[in-house]
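These notes concern the structure reproduced below.
Just so it is clear, A, B, C and D label the chains in written order, and each chain counts residues from 1 on its own.
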């Protein structure tokens, strides 16, 4: 395994484009090192991107959104004074991953590019409408987060392309997001099911809604119909029932050691109700 | 002069809570565990393991590995002794496969190289050709007529004819007439229960550093619960004399029974002999799960009859344990412990030890007992519920007491079950109100405890301090307990005593630290060794005073004259006797060797409150109380620690821990990510009550406490969850999906 | 003679008796007598037994005394964790 | 395979070492620098026994490569006492018997110290969740949590 620590994204991209065999980018390393240790993936080329300037920065964008450098960690997100006020669901989803120790290293972009169906931060980023910026041999482009994973362990990034930053849109007034996952313990598990919802309201009435589910299909599922079910209504029992049905209907999970099809489908509905209520309360002004 | 310090009250040091002697080393990172040792010229080893559940080994080709730079030796089964029999053969066959790989993770070859990375790469370069054989990993399926035979002829004489060859041991006991008993009952409940295999989950993987020369002399450093056992087994497997192998026990990072046997030590020694260099071998966590010794999974049927006044009229249990690809699943322990808490006129229990294509089971804290308690105490709870009886009243009414006949045959000596039940019933926990969605469960639990071969040596220093050498690795603070007991006898402060775990060349034979035997047996030996030293101290005083030895007695660190011939002498302090001991007869030591046979059994009663999320089936333990008979708590804080640790392991077993095998016979969760032991945020504080019903077989009344604490939790939690959801939970672990299904079955 | 109670799994090996009377003043002598007079039980003894004498579980010591009126029960050898 | 030269500080002392890029920081600490206080319980970030701080941030040293330590300040259990004066957490862990076998203790001490530096007055729940990545199989966590809470109280009084 060769290790490189480039100083610019261009250099990193060129290294990756020219590399033979398996290439991995190293940010937090909480997936790369586990795969290395478990003999699942031993990269031939490992490109550490943390020395590139700006990769640790969390900055406001001009339009009032947020830009997170590619090496920003979960701990840095949780500790940021303002990010969690705008996007509590995204920050909490990231914070659920692993231990305090893992939080010190793990990054949401790594979580996304590792392309696990159960990645906690991904449904939250999708619900928030986050966009991933990449650069590659053909220049820079922005990809909506939901279009990044292509299947378990696979992304739509091309050879030589490297993620540079994540952009969260402006929160805007009267909006709220939330993420919950189900795990057997209270900590340290991989999500059996995850659910994120991002809402805006006017008064009691929902004006926009985005929902995404994790660990119920090969990639995170965007439940587009959630908007139809919620927009123009308050979050009453009927809306919650509709949302539950929608969540259950959107699942295409597998039976595995972490959960059955039946349990995952059922629990997706339960989480959808609970997450919707939190997001709704937040949108109406409840503090995260 | 026979000195006897036996007492069960009025202690000066015993029962206090001083700091542990290994505390400073352990909080500063200095304590040396299995993987912390190095040696000049040391090589690193890695083990090649079978990816198949059951396969004939056709060919092992290590040529590519041996051709790599830095690779110094490869060993296979051919490098170990032949002609072994019995359990030693079983252990060797498990340490390194012979003709057949018997489970996913079974070792087939090993390599030593100049770095850990090279060793790992070389291990991957070893090529093994297999012929796949049919496999079975489930206990009930392994007993079925069409199950593949793991190893023909493995069954012993106890197995009745007509059973599948995978049933390798059989146990049956009981008394009375259970059918007549069931006929007398007002309610009979019979249920089927299952538990999954769990792992001891010690945080320290097995690790060792071995050196063995062509002269047949060796040194071995390893984390173990019993280094004399390691010495004996390794010597046999390498064909050397036992005494030529010196084994030193490192600090041990948890064992819980799992380090009572060996997995890697002979491999390191064989590699060392071949490479003529020291070899370090450390298991990865995945190897620990795949190839060390988890506990048995079980399939159990329990039937109990009860009168409407709560009297148990008959009890019957059938317990099937799978112990992996070797005999040894502790079915007789399960059967014997099952009904031990109850005084039964009619009782019958049967145990089956069944082989499967899984790793060879190893002891896990009260091996076999927790599962039995789960089945039996669940049925009793259900009987209480259906008959509208108080669970404590019923248990007290039927409780085993001194003089009643145990379910496995003999009459009970002095035991403390009733005392734990009464203390638990009186605990505020039992009457605290429950919230919506919560349920409360109680359970009793029982474990035998054990004595075993024990040697202890005590040596006085000139300054009046003392060193004790014991041979039972300290797995729960026993060095502190030994020092307290010696302090009590010698009458010198705890701080003036240093207790060391001696290596196999420095002390006589000691059985493993298992069976909750250390505080009992090594403690007894320590007391006797200290008494021997005190006798010698008294003799020296008598000589100084020129009075008969019989006229000297020992009190609080002083030799004192007594009786008509004693004369008038000022008491001599221990330091006055040790200061010139070289000139008054030589070094003053005490030692004791025996196989003490008075280990007292220990009973416990636990109370637990569990809260179930009705929408997801997730269970949280919200309150937990352990009440257990310790006989005499030498260091109460460490006794509490044993109670709490056992309860926590039981909580994991009940709720989330399990070995998950795929259809392909491979273990699917060989890591702490998916083998889910409780984390700090999963648990509440665990309240403890120490009951002290002295064991007449120990000078200070000690009963072993380490194991009993894991016996009640499975049942107590199952009862709590069942009472919370209103459906009897019969399968462990009570993972959320199972609880949810139970809830749905109730609604539907 | 001392009555030694057997666990029921052993009874078929001694013609269905639930206990056997053997000579012996110690655990060792009793086990020797069993081995001599009931060879069918030898494999069981080889596999390891404990002898319970008046409620005390004797795991391995052969020298433990046994009285004429002692309650003696054979038990499978205990293991611990 | 070529090795990389790395310069770092460990517990305030300058160190340099050569390492293969596949070696973790934990491998380097234990096998190259002789600091065996950090333990390997799993190698995959699930147990926390290898916890150290890197530039003040709590991490699992098994989830960081040795080569990534270039220019970093590493803190391990060997560095938390001040000469012969133990850190208050070390004292309390002995006093409370917050350890049995002691294999998880170095990692838990590092993690708990990191918590108290960030939050001097944690609730029981906060302590439990902060330490959720530090597995202990002996104690049931009871005495560990109590020791951390009491250390926090004592350190607050002292400051």
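Following the convention adopted for this analysis, a contact is a pair of C-beta atoms (placed from the backbone, for glycine too) under 8 Å apart; a residue touches a chain by one contact, two chains touch by 3 or more.
No experiment lies behind these values; they were computed from the predicted model shown.
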Chain nearest the overall Cα centroid: B
Between A-D and B-C, the pair with more C-beta contacts: B-C
Separation of chain C from chain D, taking each centre as the mean of its C-alpha atoms, in whole Å: 54
Length of the line joining the C-alpha centres of chain B and chain C, rounded to whole Å: 26
Chain centre separation in whole Å, for chain C relative to chain A (CA means): 67
Gap in Å, rounded to a whole number, between the CA centres of chain D and chain A: 29
Contacts with two or more other chains, residues of chain B listed in rising order: 200, 256, 671-673, 678-679, 681
Where chain D touches two or more other chains, by residue: 22, 43-44, 46, 129, 131-134
Interchain contacts, given as pairs of chains that touch: A-B, A-D, B-C, B-D
Chain C partner contacts - residues on chain B that touch it in the complex: 156-158, 160, 170-174, 200, 256-258, 260, 330, 332-333, 336, 348, 363-367, 408-413, 448-453, 514-517, 595, 597-599, 697, 706-707
Parts of chain D lying in touch with chain B, wherever the complex brings them together: 20, 22-23, 27, 30-31, 35-44, 46-47, 49, 76-78, 81, 86, 89-90, 93-97, 99-106, 109, 125, 127-129, 131-146
Complex contact set, residues of chain B against chain D: 17, 19-20, 22-33, 35-36, 115-117, 200-205, 251-256, 282, 284-285, 475-477, 637-638, 640-641, 644-645, 647-649, 671-673, 677-681, 683, 685-686
Residues of chain D that touch chain A when the two form their complex: 4, 21-22, 24, 43-46, 48, 51, 54, 57-60, 62-65, 67-68, 70, 111, 114-115, 129-134
Chain B partner contacts - residues on chain C that touch it in the complex: 5, 7-9, 12-13, 43-44, 47, 52, 54-61, 64, 71, 73-76, 78-81
